[in-house]
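Since the structure comes first, as structure tokens, the remarks are kept for the end.
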Amino acid sequence: MAGELIATEHEDWRHFVGKALRNRSFMAGALITVLVVAVALVSFVWTPYDVTKLIIADRLQAPSGAHWFGTDHFGRDILSMIMVGSRNSIAVALIAVGIGIAIGVPLGTLAAAKRGALDEILMRASDIVFAFPALLSAVMITAIFGPGAVNAVIAIGIFNIPVFARVARGGALALWPREFVLAARASGKRAGLITVQHILPNIANLLVVQGTIQFSLGILAEAGLSYVGLGTQPPAPSWGRMLFEAQTMMAIAPHMAIVPGVAIIVTVLGLNLLGDGLRDVLDPRLRRQR
Amino acid sequence: MLSYALRRIVIVVITLLAASVVVFAVLEIVPGDPARLMLGINATDDAVAALRQQMGLDQPLVLRYFAWIGGMLSGDFGRSYTYSVPVIDLIRERLVVSLPLALMALALSTAIAIPVGVFSAARRGTAADTGVMAATQLGIAIPNFWFAILLVYVFAIALRLVPAGGFPGWEAGIGKALAALILPAIALALPQAAILARVTRSALLDVLGEDYIRTARAKGLPARLVLRRHALRNALIPVLTILGLQFAFLLAGTIIIENVFYLPGLGRLGFQAITQRDLIVVESVVVLLVATVVIVNFLVDLAYAWADPRLRRR
Amino acid sequence: MISKTSTFLAGAALALALTSSAFAARTDLTLAIQLEPPHLDPTAGAAGAIDDIVYQNIFQGLTRIGPDGAVLPSLAESWSVSDDGLTYTFKLHDGVTFHDGTSLDAGDVVFSLDRARADDSTNAQKALFSAIASAEAVDDLTVKVTLSRPQGSFLYNMGWGDAVIVAPESADTNKEKPVGTGPFKFVDWAQGSSATLEKNADYWGEPVALDKVTYRFISDPAAATAALLAGDIQAFPSFPAPEAVAQFEGDPRFSVVIGSTEGETILSTNNGKEPFSDLKVRQAIAHALDRQAIIDGAMFGFGTPIGTHFAPHNPAYVELVETYPYDPEKSKALLAEAGYPDGFKATLKLPPPAYARRGGEIVAAQLREVGIDLEIIPVEWAQWLDQVFKQKDYDLTIISHTEPNDIGIYARDDYYFDYHSDAFKQVMAELDATADEDKRYELLRQAQEIIAKDAVNGYLFELPKLGIWDAKLEGLWHNLPVQSNDLSKVHWTD
């Protein structure tokens, strides 16, 4: 039954593109995401101002022609900060997703291939990780091992592992009884090879959709950690940190809080729309799982 | 059913024990001496040593673990290093803030989400549905702490309708206590409501596609009635699952919101304790929260198994 | 007829009662402090937050430090000092009782002093009592303290929060339920939220105006701002958000009082470690620091630049800010001379307060201009104490040394600066044995100059006390000569 939920043959690409172009959610999400990534890339070569230079005399300026989004308490240009900060948000969330996939997917597919005690142990272990309140635990981890982007990545990444392990296991379990897998087994292929050749390509779409969701959750988590001072550290600009610094200056410089807040919302919104759209585009039947 | 429940209980106990070992092990290797922290920079080494002994920190690790676990089982969570009061009292004091806050947020989120989800499902594909779904996407994307800051500035500082933060205690009167919790509850409820509304909508749509609903429709029952009488009840299971998860999340996940509103809740207790190296408090809070999640999940599983016997074989 | 009169009288009485209550000033106060104390016994912990609540309110010492920093009589109404400076005889106030009803006598004083200097004492400032050879009760109200060496600061030391007098009956439970002799009694402490005191009706001294005082603990600067603006609290005597002061200054509901503290905010430098052991490198750092930019950026203009480890409002202060003026070119030249023409990399560990975190960002940017590339490492207090203070595992850090008159720390061999100067130690030894005021000032000036010239640390600014409270509230301290929120004179004006 569940096997039907998963596409087994590779989609026809023209069909896929056609569906994607018609999907409003996908198009809006893709547009926003491409924009955000483009901004991040541009910031490597150009920003309106140098964010490493503090010009105290120019501090707390409201948005103007010279500074579109105003300046912060150290006189830095907020537009430039947002641009450079996007790199950081993307990097942290992306690497955290990478950790989840790199460790979670092998574990999940292995559990599905071997079943039995190993499966049981891995699933119970993931239950234990799930039982820890993620945000509180991430706060604890960064508080204990020192605040910073690297520890934030690890703290967020750890909680991505069981997520991907479960998605991979669920997808793989549904595929193992399928004919083309059974045929491969009959031809004497070993489980590892089958997983790489037949299982992984067919659960890739599940992983991409889950990856988009975890990516957007990672951006929110990084912002939250930086907001309590445990994420990215100065002088590297970060959206969450900008919010933290803006909080006490709401009354005198509200733009300092509004701009990074909107940046986070737009990015997360874009990723969520993209994720939803991808789900529809890659396999409309997946919708029924939710 | 009984053997299923027993098997699940064994798993719950093992999970909790494993979690307690992880928490204890991680925290005991944390750098920073609680005794030194309490006495400050000018304290002499023998004063620190004397305090370490008073606090029992000179005992071996394994011994302290068993003392802690044994104590917890008998309801004695030990004494806070920094506050020198029983940990259980601290937790109880914080729970009277965190628990009502979580419940308020949950109630608010449910009260908003279910009608919105039903509304949207009933008008699937219309402009109203699209609009509502777009709004929920926005709701999910807004960081709750950013929303909280905005709420404080609008309702507490500009309009002065409610306090900006803090908790007067229930003894100050129910009205005052609720007024202190309303903004944090709204800030917490908004993203949860957005998620829940989406879940409600898609659960309803799933159920509406099922055969018996089609049958009911075929029998000529009006659409709204079918929705309310048959579909909603059957769509409740996924909704309840999410509610269970959200409750556990709200109890622990309020840490950042508690910071914005400086509420003396459980999350902030854990956060403060970790910065003060009050390890026994951190350990107890985390294990308690883990236990909440595990037990809520266990109850949800039991309810499922009771409702659907096929699941018991798993 | 009769009933009419009585009705009239009753009405008049009611009206009177109403007007009098309408005109009676408020007698309650909710004020906020930034940190929650770990417990409430000032004789067993260093946390300033303990003194913020209990010192001079619940607990009192033999002497006390007044709002201007002067030593005043407290539980001891008078004292005499022997000619050799070794014997102090304190005469105690008569009729003083502890909050549990027991009366104060000389035995309590002897007990408190002996307890504080005992081997197993957990007093955080044991050094305050180091000169005491013995303490004895001459009679019920007379205590004789004998010193092993003359100590010019002894009476001042006895005014610290760590030297308050406690009763043997309650000494062990003061952490949770403090019992003192002061004008306020402890009522309740809701951990994580607030502590409540009430008026001590049996107070031996001048009665206080407030009936009930609630201390709220608000560490977050944003929450502090919001709580004041929303009227949840009526005073924040040491307000943690300099960036928000401007919005209170323009608001007639609030008084904003900028005062002084004893906090020298410095860029502490590990003098024992390469390359900071080189005087030229430390001078280069000093030349690279633009104090005004740091004060403007980190403190929004509040704070007085300092050139040495001494409070500018102290009569013995010497102005040394221009010892190494801001001069990036000179700084680069000195670095080149020291063998670092391209600068070097180092770490900057920053504890949690905003002055350190924000100041650190600016310091790092300023040092980057001369080629010193600092990696910022934020640390919690626990880590700071352990890594920086105890193990000297650091290059640079920013910290405010808030103990009053603490220049003597530069003479300590094992101190975290790792600074060793025989000349400085000699001056300090002389100072300790000198009682004459003018001579003491001269020695203190020499001490300030030695550490300024040696550029032991980067001297940044004196931490201001940003006091914000309801405009109708009076009597709170403007300056902070010791850690205290003395509420004995606080009252509402309407």
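As written, the chains take the letters A, B and C, and residue 1 is the first residue of each chain.
One rule holds for everything that comes next: contacts are C-beta pairs under 8 Å (C-beta built on N, C-alpha and C of every residue); 3 or more make two chains touch, one makes a residue touch a chain.
This one's a predicted model, so the numbers in the text were calculated from it and none came from an experiment.
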item: Chain pair with more C-beta contacts, A-C versus B-C; value: B-C
item: Chain nearest the global centroid, as defined over all protein CA atoms shown; value: B
item: Mean-CA-position distance for chain B and chain A (Å); value: 23
item: Centroid spacing, where centroids are CA-atom means, of chain B and chain C in whole angstrom; value: 39
item: Whole-Å gap between the CA centroids of chain A and chain C; value: 46
item: Chain A residues counted as touching two or more neighbouring chains; value: 143, 247, 250-251
item: Touching two or more other chains - residues of chain C; value: 222, 229, 352, 380, 383
item: Sequence positions of chain B contacting 2 or more other chains; value: 149, 153, 157, 259, 275
item: Footprint of chain C on chain A - complex, ascending; value: 52-54, 56-57, 59, 73-75, 143, 146-148, 229, 233-235, 247-252
item: Residues on chain C engaged by chain B in the complex (per definition of touch); value: 36, 38-39, 45-47, 119-127, 175-176, 190-194, 216-220, 222-223, 226-227, 229-232, 352, 380-383, 385-387, 389-390, 403
item: Residues of chain B touching chain C in the complex; value: 31-34, 36-44, 46-47, 50-51, 54, 82-85, 90, 93-94, 149, 152-153, 156-157, 160, 163-167, 169, 259-262, 264, 268-269, 272, 275-277
item: Chain C residues within the chain A interface of the complex; value: 221-222, 225, 229, 241, 243-244, 246-247, 293, 296-297, 300, 352, 357-358, 360-362, 364-365, 368, 376-380, 383
item: Residue ranges of chain A in contact with chain B within the complex; value: 124, 127-128, 130-137, 139-140, 143-144, 216, 220, 223-224, 227-228, 243, 247, 250-251, 257, 261, 264-266, 268-269, 272-273, 276, 287-288, 290
